[in-house]
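Consider the two complexes below, in which chain A is the common component and chain B and chain C are the respective partners.
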Partner chain A sequence: MGTPQRDVKVNYSEVQKDLLIEKHCAFLIGYGRSHNTYEYGATDYLRMSGIYWLCTCLDLLHSLKLIDQEHIIDYIQKCYDKNSGGYSPCPNHDPHLLYTLSAVQLLVQLNRTDLIDKQSLCSYIKQLQQDDGSFIGDQWGEIDTRFSFCAVACLKLIDSLDTIDIDRATNFIMSCLNFDGGFGCIPGAESHAGQIYCCLGFLSLVQRLDNLDLSTRNMLAWWLCERQLDKSGGLNGRPEKLPDVCYSWWVLASLKILGKIQWINREKLSKFILASQDDETGGCSDRPGNIPDPFHTLFGIAGLSLLNTYDENIIRKVNPVLCMPEYIIQKLEIKMQLL
Partner chain B sequence: MSITNWSLISLLSSSIEQCKSIEFMPLTSTDEYKVYCCCEENIYLCLNILEIKPIVNLCYSFIFSKDYQQDNQLNISTRVLLCYITECLTSWNIRRRLLLSRIINIQEELQFLDILLNLKPKSEQLFRYRRWILKQEGIDKVSTNKELELCDRTAEKHFINYASWLHRRWIIQYLNVNIDEELERNRLWLENNLSDSSGYSFRAHLLSKKVLDENLIRNELNMNDNMLEFYYDRESLWIYRQTLIFLAMKFEMIDKKQLLNKELDSIKNIQENFFSNKYSRLLNTLLSSDGKQFRT
Partner chain C sequence: MSVHGQVKVRTSAEQKAARERERAEKLRLYSTQYENILNNRQLMDSFNLLKQTENILVDHPDCFTLWNIRRESIVKLENGKQKEYLEKELQVTQMCLKSNSKSYSCWYQRQWCLKQLKEKFNLNLYQNELELCKKYLEYDERNFHCWAYRYYLLERLCPSSTSELEPFYENELSFLRSTIGINLSNYSAWHYRSKYLDKLLDHNPSHRSTLLSTEWQLVLSAVYTDCSDQAAWFYARWLLFKQLGIQLISEDEHIKPLEELDELESGNKWCMLALCQLWKGKTENNDKRINYLEQLANRIDPDREQFYRDQI
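What follows is the complex of A and B.
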């Protein structure tokens, strides 16, 4: 009886139980300024997303004003590629749909959508759609459901969803549904919590969640809440993986879209996220005791937001589909479907 | 960016080209000179994990420098950078262009990727680039065995390796590999890696490509029974069992109630534990489910 599940041991009598807001803000701001460190250079290839994680997290913690916004806007414009209409992660690097979404999210968040050349952005995204409705991420062309999500999220944020063929795009997403109820990155690929989030997010943004029948929704929600590990309370992304704070986002947001977030043990997960904070440097890591980074810090805080662990005066409400502060989505009157 | 810096990167590049395996380890530098790597008989190359930063910075400065944009220079600087930062898409794209203009030889590049995949067995960009090259090479030139062996190797090096199993799915489809032969290879692989739920997910994927009937599912369940007899505490085996039931329930012909009841009976023979309890909860839910009360 009681065979152990693959999990980590967390000594809950000794770990951090309070949310370290000030330390997290200092950690995030420090990260943006650490230009001379190796970590900075080594992350060039995803920098645009890094800035999005950092700014969104600061905004959720009511602290966006602590960062030099002009500097960031300047950076985003340096990453704009006139030829394609997309954005690169870092000046000199090639543009890609992933970083284009991060750039658009940032410009929306910083209230500078006036800087977006809507027309070229739309034609950039349009030419990435394939005949089967799927999307490639750049001219070298591999297909991934992540890119479908990026495409509709970008277009939704600039109110131009009709640029692409939504019917075909939806059919492609549905073709990636597996018999265990999950979604993978292409048809037939293994179910993965991150890809499930992208596919559900896609269906939510184009308001086509009705494509999922009742039994599929149940099966999928079952699969998702099976990601919560018994002992640590953390969530993993696939069976037999160790828990990781970032899945507090991918799994919870998916369950929120399905209207089944109550299937997760809230208290246990909150404790796991709080235990993954670094009480010396600030920031969250993938699991207790590891090195913190902005990626896990955002998804830890965003997870706590979805769980309503804290009052809105402490952590702002996050939008479960776009992973941006809800007040911005409300202001823009962006509509999406939640079950 | 001096000539000496460029010689350093060139030297690293040719060492990478010649060696059969690469590893990162800490090496000790002295006051007089810094140690960046250590090469043994052109076979084994050890890169100094303590000196990553200067090399990465140098590579980047050369890759984006106006004075180092010749094809052979880019070949060198991106080759070195990608050993250190394998997910740098822009550098792979530079190599894609070099390959299209025949500066890079396809066979040599595949060899380079082989060696890098030992170092980074779950790199998404590496596998994506490899698939792109195989498409350039043309379908008749691709060696099925070599690709399948590479999948085995990377899957063993990194447990539940999403990128590796994705590559395998692509190979099966692209090269039209015989599903029954692949099922047998997979069975043997799983005997040695029975906790790998990605391996089982792949097996279910193969099954779904076949014309399924109750017999086939029954055979799989029996095989799973035999494994559970000895390894009842492996979650992967239980998840695979669950997947088989989901797969079976997809057919109209199968009497679902009978199938689920039979399952509930058969697991009574297996020692009860955390996973078996979860599994029987699921079976009971599926039996009684009106679609609403999936979980309480």
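What follows is the complex of A and C.
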């Protein structure tokens, strides 16, 4: 028979089966106010993304009105770095492409793109592009395909994609392609569902998915659908790993871009996400029984949205490439390629 | 904001309050130290900054701004001190990796230090670093940060003369083979095999068919040992259809051994699917192929039903 599959045991007769909307909203709002807790305080280095997870999740649950939007806009502006044109995760921290994307996504979502200095933002992103087409995350030179995605996603949201050299940027992404059809963080690095999402998202935003030939796309979609584990129904991010709710997003969104979401068992995945809710405090954790956080709450809810588990009146439709509510993408008339 | 793998333990109100107090104190310390650094970044001297940032980073290696401050501080030092602190930084990063071996910023800091030492001080530590990687991979054989770092090192250690290239690649392939041997399902090792096999094939095109045959034997021994080893099956698909190509697939060398395995391990989805792909385009096997795909879709692996149906 061989080695049994690594998985977690979920007792499906006892777990949460209903979506706990009110509890999730309370959890998310409470999180944003819990400044004196360790979990909140010690994650200041990624705060801007944290706020994006919170707001996007609330928006998907039709509850963005529950938070103080002015306060958030104020915060974003405090994180703007005039010298570089980028945004930091927290006031006084350094700007970085990762948090610049979160800030731009937030400003778009809060309908305040008027606050973006487009020209500075474009030149900030442009100067991070390297000769080989890759992007560094900040002036210190770390390269990662996540940063390529951040660069094009930011530019797409402000309708300025032609700022950068797209041919070269695409060549770099393609140089990260692996034997299994997936992508890693740099050329040579192993495929990982998060990285695959970034690279497919990149190709979708620049409308170059055709760079992947049919056999590669099929290989990749097969690899992605094999991320679903038999017993728990959850998805992992790499072979032989445990399931994790955030991969409901990275893997599902990738399958959606490839037009192959029907290759997994959607009902089983929905159950796994619902079982990962914390029925005491609200929020979702990485897997049933663990501590919930805003990151997994967003990706759980966004996953349920892609799975169409609930009506749009309950969870809004999410855009699979930008992980933002689809109505905003429609309003901005942002086009991307989906197979 | 983002927690992985922490089991929630329901506690009494009293326990909870005590824990909260302890954590609040930890947070107070963290925030005061952090604020102090950020507010005095331009005023404090490098040594002080290096000391203070280290205090926080050992427990919080993801605070990337603090690594930036360390880099700024190090490059400001005069040459002798700079070299000393770059070397010390290797110990600091190692301590930080103990608290989080998956910290992107920490692995990058290490890479940055090695580069500085090489470029500014002509000190090449790449070879020694391979030992560190070995240690980390023994601790977590799938740490993709460590694997990627290892690949980065090897790219820099790659000999420039063509005659040394082949033994270099072969050496790496044999390391990977032994890693695959420890745990037959080490997907990371299979991944890096694909990279080095590609390099070796480019370097030595005349040996192509021998190399691919040897590689196929390795795949066969893996799937005969553990027929559900998905890493080997993903690798097999690549080897058969991307490297060999349909014209070079032979009945005796490739198809027969899998048909025999299918008899031994009846109902194994990986083997059945591989055979369906090999039989495609062969009219004499078409009925069997469709029958297998239907079995897979209906009974053996119904979660991926639509995937198998789309292969028909």
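Assume the second predicted complex is superposed on the first by the 336 of 339 C-alpha atoms of A that agree within 3 Å, B and C clash if a C-alpha of one lies under 4 Å from a C-alpha of the other, contacts with A are read in each partner's own complex, and residues count from 1 in each chain.
Everything that follows uses one rule, which is that contacts are C-beta pairs under 8 Å (C-beta built on N, C-alpha and C of every residue); 3 or more make two chains touch, one makes a residue touch a chain.
If you're wondering where the values come from, they're calculated on a predicted model, not measured in any experiment.
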Check your understanding: Clash or fit: chain B and chain C on chain A?
Key -> clash
Check your understanding: Between chain B (first) and chain C (second), which, if any, makes contact with A:L214: first, second, both or neither?
Key -> first
Review point. For A:G201, is the partner it touches chain B (first), chain C (second), both, or none of the two (neither)?
Key: neither
Exercise for review: Please work out whether A:P320 is in contact with chain B alone, chain C alone, both, or neither, and reply first, second, both or neither.
Suggested key: neither
Exercise for review: Report for A:K241: first if it touches chain B alone, second if chain C alone, otherwise both or neither.
Suggested key: both
Practice item. Pick one for A:E142: touches chain B only (first), chain C only (second), both, or neither. Key: both
**Study point:** Superposed model, chain A: greater residue contact from chain B or chain C
**Key:** C
Check your understanding: Looking at the overlay, what does A:N92 touch: chain B (first), chain C (second), both, or neither?
Key -> both
Point to revise | Part of chain B, among the options 1-9, 19-27, 37-45 or 163-171, whose backbone runs into chain C after overlay | key: 163-171
Exercise for review: Take the contacts of chain A with chain B and those with chain C, and give the residues found in both.
Suggested key: 1-3, 5, 38, 41-42, 44-46, 88, 92-94, 96, 138, 140-142, 179-180, 185-186, 188-192, 215, 219, 221-222, 225-226, 230, 238-241, 263
**Study point:** Touching residues on chain A, where the partner in the complex is chain B
**Key:** 1-6, 38, 41-42, 44-46, 88, 92-94, 96, 138, 140-142, 179-181, 185-186, 188-192, 214-215, 218-219, 221-222, 225-226, 230, 238-241, 263
Revision key, fill the gap. Chain A contacts chain C in the complex at 1-3, 5, 31, 36-47, 49-50, 53, 88, 92-94, 96, 138, 140-142, 144, 178-180, 184-186, 188-192, 215, 219, 221-223, 225-226, 228, 230, 233, 238-242, 244, 260, 262-265, 268, 278, 280, 285-286, 289-296
Practice item. Sort out for me which residues of chain C touch chain A in the complex. Key: 1-8, 10, 20, 23-24, 26-27, 30-31, 34, 38-39, 60, 62-65, 67-68, 71, 104-105, 108, 112, 142, 144, 147-148, 151-152, 155, 184-185, 187-188, 191-192, 194-195, 226-231, 234-235, 237-238, 241-242, 302-307, 310
Review point. Which residues, counting only chain B, touch chain A once they are in their complex?
Key: 52-53, 56-57, 60, 64, 85, 87-90, 93, 96, 128, 131-132, 160, 162, 165-166, 169, 173, 195-198, 201-202, 204-205, 208, 232-233, 235-236, 239, 242-243, 246-247, 250, 272-275, 278, 282, 289, 291-292, 294-295
